[in-house]
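Okay, got some structures for you below.
You will see chain A twice below: alongside chain B first, and alongside chain C after that.
Showing the complex of A and B:
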């Protein structure tokens, strides 16, 4: 049976590749794919699937005709610009931007399982968890729209994510809004799936249940996105100016301090990144939040679990600092944020102070660690 | 009496919904007041006999398997000296099953005012001898904060990701601590991991009421001061999630709580119930 599932999953990917963007003929509109990650397809009835798909469509429309429940604060005009089939309008504006630029890797549903997904390490981001790695906001907060836009502008060095800096700002904003839409949709779907599949008592989904989904999931998540935009100062982690080093000797001192902090038992950087920052720490079995659920205790369990997911399990590699090309950006300020905030959805924790936790490093410490890391990469 | 207070609860709820809508639209309602829309304590009844305790005991009806020694291959100089074993099935000498969660599943349960005074304002998680202590916890979201400390001579990490709540991935330095708040209730306990030491595991169940118990090493539990009347309970264990038995389909049971002690007696669980 598990092999049959894998065959079906492969067939699906092949089908995607051939009949991109949806798994249907060119004349049919593509649809969003239900999120059954980690579940045995045979355990999900057709009635349950229909209930999930119909409710999701009621809330969020289709890839060709997106819609939004009232009160999410998302910009539907921008979403419309990014949605639908690729087309140019008479006035020179562009439509279907997501399918043009993103869906081949990120998938029509934003599930990170587009036609080319398996060719990448790391995989393209699955937006449905609502987690984004590189942000200027606190470890526990949603990203700002400008964080997502920065990723579009710069790309993610060392991965398959290219830079889209040639796109006009309006198109970048449309794509960012569409990613937020897919993410809000994805988090709502997770909640809906818990109700329908795990709780199993909400079928058929009546007005009360839909109201609950709207309140407890969609508007709740939308609030988190709105809150960071409306109160950025509460969420953005401030980066103090990098100290000025009067001489090479002074800089070398900071690097030496950074190495000591890096190596301390209080920080545990070495655990993953290794004693010399070569990415060869003793924790060599690390996974991001998208892959962690595929990991069992034994290899057999992992193989069994992994088959319940669209993409095979993929290990995470801790950064080898000597390579440079830091994914969240190689500016000293970018690296400061990575150490302070961490990388969301990965084992890289927040080492700087945050509400409720003093953290292991002070801002001064973080600059020393950044200087040490930069000294290894040859970038400064 | 219960009927007469119900409409009031509804009205307050609707007001909260309106506030939340306005907020998303760009108004300035403070985030703190919004949380109340989810964690709405019911209106308490004054009569002293309106509350009852629920007790019982879960027993593993078979020979408990030996708890396996876990692979401890990180920070060996510190963690290697401890006998660290699997905690996913803890059976006492007389068969009592530890770490079964039993909690009220009904929505909008009335909360006894005494509990507001008697409940500690924090729940403690310690990193001690390279494991999480305790292994299973619950938290009343609107009342309690989660206090995490580290008694080990190495830094520890605490990572969890509750559905639609903020994710945590915190470093707790030697002698350090952290305070965390959960913003919403969950239907099932949330797994906690340490990214440095993959053998470490724990669970926490955030709820918007105090009506939860976790069985002790004898398998016994008491949920004090429940409102009298019919309530639905949920049972959950980390081995399988919802404990599915004949009396508890999908781990659920409705019972009518009466003033005083309500004893469920001994609930025997066949080993197959705890296997996936």
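Showing the complex of A and C:
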């Protein structure tokens, strides 16, 4: 027995020795990561980094102690509930919701480059661009908070994005508010970086420069978020009731019409989704807005460009309609919105009428296309 | 060729008086009556540690570790006096406070076991085991506390909090030393005593330093806390084995040329399972701001080691089935290990799917599945926690199998091993292994 114990002791010590290196990588008080995607690190001096970080902290605080400039209209109490390290109270109220549920995929900064990011296809969303895929608002508008909440509630089937239907509404609202905060912060940072790096703003940033950043970036973006909430009718794409088909023949006619529209040259659906909706179109090199800048003309150029980003380039996969499940929701109304509004940040275009543009399809056409798409999976 | 008893290292020659005060005569097997209480205590310890691991797993799954922000008190109350209605009211508080209460039950069970082993067991190895178990349970408690309190421990208001725990460790170390040293002033002056005292004191000083050095990094503490629990459970399982009547009775091992292979395979399996537990802890406690490739690295290592363990257990299973027909006890444990690990693999897949969904290659090429992960769902919590619990059970079973293989099997002294062995023949004509025994 002593031999066995000694052997196990040795194995235990070897295991511990193997486990400990790298364990100290965790940081108790993480900070927001500066957005230098697509830039060579040598392009940005330490003085410039410090100026950017300092200004951003002055405006938005830290992940543990977030702050908001005046006039953004965001709810700081909700943001505080989602921010910081995970903690609970005797009355059951929770804090640190973002770090508990989101940060391992979306990253502390909301850059979509969390520890698990490379495990997923598509990558987790980078909130810093202010673009969200599945919305009820028109193509050029910010999403409603209810759109983000719907995504949280439903999850995104077939991806790593879970449904948070088990969470109380208060926690969902706090998470949504924090996502808006990260998005606002991200867009402000982009503007600031451009100002400092590309336009060579004099450093350290003076009060005038900071006021300009606040006016032209933070408050401008915040106004877009607020405007959608205040005037929803102006931005929400209305979904007309689905036509009632008196007979199977009428429905079949709608499906046939949908197929013709789907295959038409103007619609360009076939290009990605293929002639039979199997997701095998000619254009198999499709990328979303987050990956497109990593694509070069030659493979060598692509490899060189990809090195400037945290995550390697990732191709998009057009939906195979025969599977019968859709990431933005599988209801006919959801599909109507996807065709009408498109999927923001991806090559899936808005085919419905937009302000100032007729659009490729009329509402009636969209319903025909939806019927055709649903028929491919045997649903009606 | 003479074979010495396996416990030679700790026993005096028959013609010499016993060296240690509490070891009257270790040349005879321990009478059943003296170890039965310790055996039951070891069983109680193992049976309370297993649900404690589950409870700890649930605490991590629900991220409830910080639901009670103070330690060792609970919202200012003494641990045992926290109002029942407040405890049952909030799920996270229920988990965290329940984990602490169950932890104290395990602590008490460890103290009882240690006392029984020190007083009733005549084997010095078991005194060491008792000391390690007591130190382990104290360390685990401190780790759990520091994981909650973190750097706040150095605030003047609560600076005294870890003091009782460290004092307990120091007291346990002292008792352990007093039990182990030879009696009389002359004996105490012996160099051996001072070396032993220095080693034990150094060990505890190192543990204290380690705790203080790592205290800033709660995630690191959580990982170590998560890795110490299965090791402690394996120790409890090992104590159950070593205090069992069958262990005491089995003084004549069966000779088989496959003894070395089985002993190596069982020990390797235990080591590999523990390595797998460490990798799992790194996956479970991944830092939110870790670089994107960290998780991928850990998950690949976890999968590769899992494949290695499958091969190891298959080899072990086949060897045991073929070559140990007369050792049903060992065969049962190896079969149990194989069954448990198969279940563990299934739980691993379930844990992945319920946490991260089906992999893309699976849905693209094998089966069209449009599955939505539901965060904090019952299935997610159960499968993830079961994966943690069954992993510890696999380690305990492998430890038990390793110990039994050492106890029940022996390489035959006369016949050569089944394959060329560089240690087979020594100048004295005795195998190295047999000489060690």
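Please note the rule applied: the second predicted complex is superposed on the first by the 350 of 380 C-alpha atoms of A that agree within 3 Å, B and C clash if a C-alpha of one lies under 4 Å from a C-alpha of the other, contacts with A are read in each partner's own complex, and residues count from 1 in each chain.
Quick note on the criterion: a residue touches a chain if its C-beta (ideal position, glycine included) is under 8 Å from a C-beta of that chain, and two chains touch if they have at least 3 such contacts.
For clarity, every value in this text was computed on a predicted model and none was experimentally measured.
S.K.: So, does A:118 touch the first partner chain B, the second partner chain C, both, or neither?
M.R.: second
S.K.: Of chain B and chain C, which one touches more of chain A's residues?
M.R.: Touching more of chain A: C.
S.K.: Kindly classify A:86 by the partners it touches after superposition: chain B alone (first), chain C alone (second), both, or neither?
M.R.: second
S.K.: Touch check for A:108: first (chain B), second (chain C), both, or neither?
M.R.: In the superposed model, A:108 contacts chain C only, not chain B.
S.K.: Just chain B (first), just chain C (second), both, or neither: which does A:141 touch?
M.R.: In the superposed model, A:141 contacts chain B only, not chain C.
S.K.: Determine, under the contact definition given at the top, whether A:222 touches first (chain B), second (chain C), both, or neither.
M.R.: first
S.K.: Now for A:187: first (chain B), second (chain C), both, or neither, which partner does it touch?
M.R.: Touch partner of A:187: chain B, not chain C.
S.K.: Going by the contact rule set out at the top, does A:158 touch chain B (first), chain C (second), both, or neither?
M.R.: Only chain C; A:158 stays clear of chain B.
S.K.: Please work out whether A:198 is in contact with chain B alone, chain C alone, both, or neither, and reply first, second, both or neither.
M.R.: first
S.K.: What residues on chain A touch chain C, complex-wise?
M.R.: 1-5, 7-8, 11-12, 14-16, 18-19, 23-28, 30, 33, 85-92, 94, 96, 99-101, 103-104, 107-108, 113-121, 154-167, 310-311, 317, 320, 322-325
S.K.: Could you please specify the touching residues of chain C with respect to chain A in the complex?
M.R.: Residues in contact with chain A: 6-7, 9-10, 63-69, 75, 86, 89-93, 96, 125, 129, 150-151, 216-220, 223, 227, 231, 234, 238, 242, 263, 267-268, 270-271, 274-275, 278-279, 281-282, 285-296, 299, 356-358, 360, 363-364, 368-377, 399, 402-403, 405-407, 436-437.
S.K.: Mind pulling up the chain A residues that touch chain B in the complex?
M.R.: Going through chain A, the ones touching chain B are 70-73, 130-131, 139-141, 187, 190-191, 194, 198-200, 215-217, 219-223, 226-227, 230, 265-268, 271, 282-283, 285-286, 289, 342, 344-345, 347-351, 354, 356-360.
S.K.: In the complex, go through chain B and note every residue touching chain A.
M.R.: Counting only chain B, the residues touching chain A are 17, 20-21, 23-26, 31, 34, 37-38, 73-75, 153-155, 157, 159, 161, 163-164, 166-174, 176-181, 184, 187-188, 195-196, 198, 241, 250.
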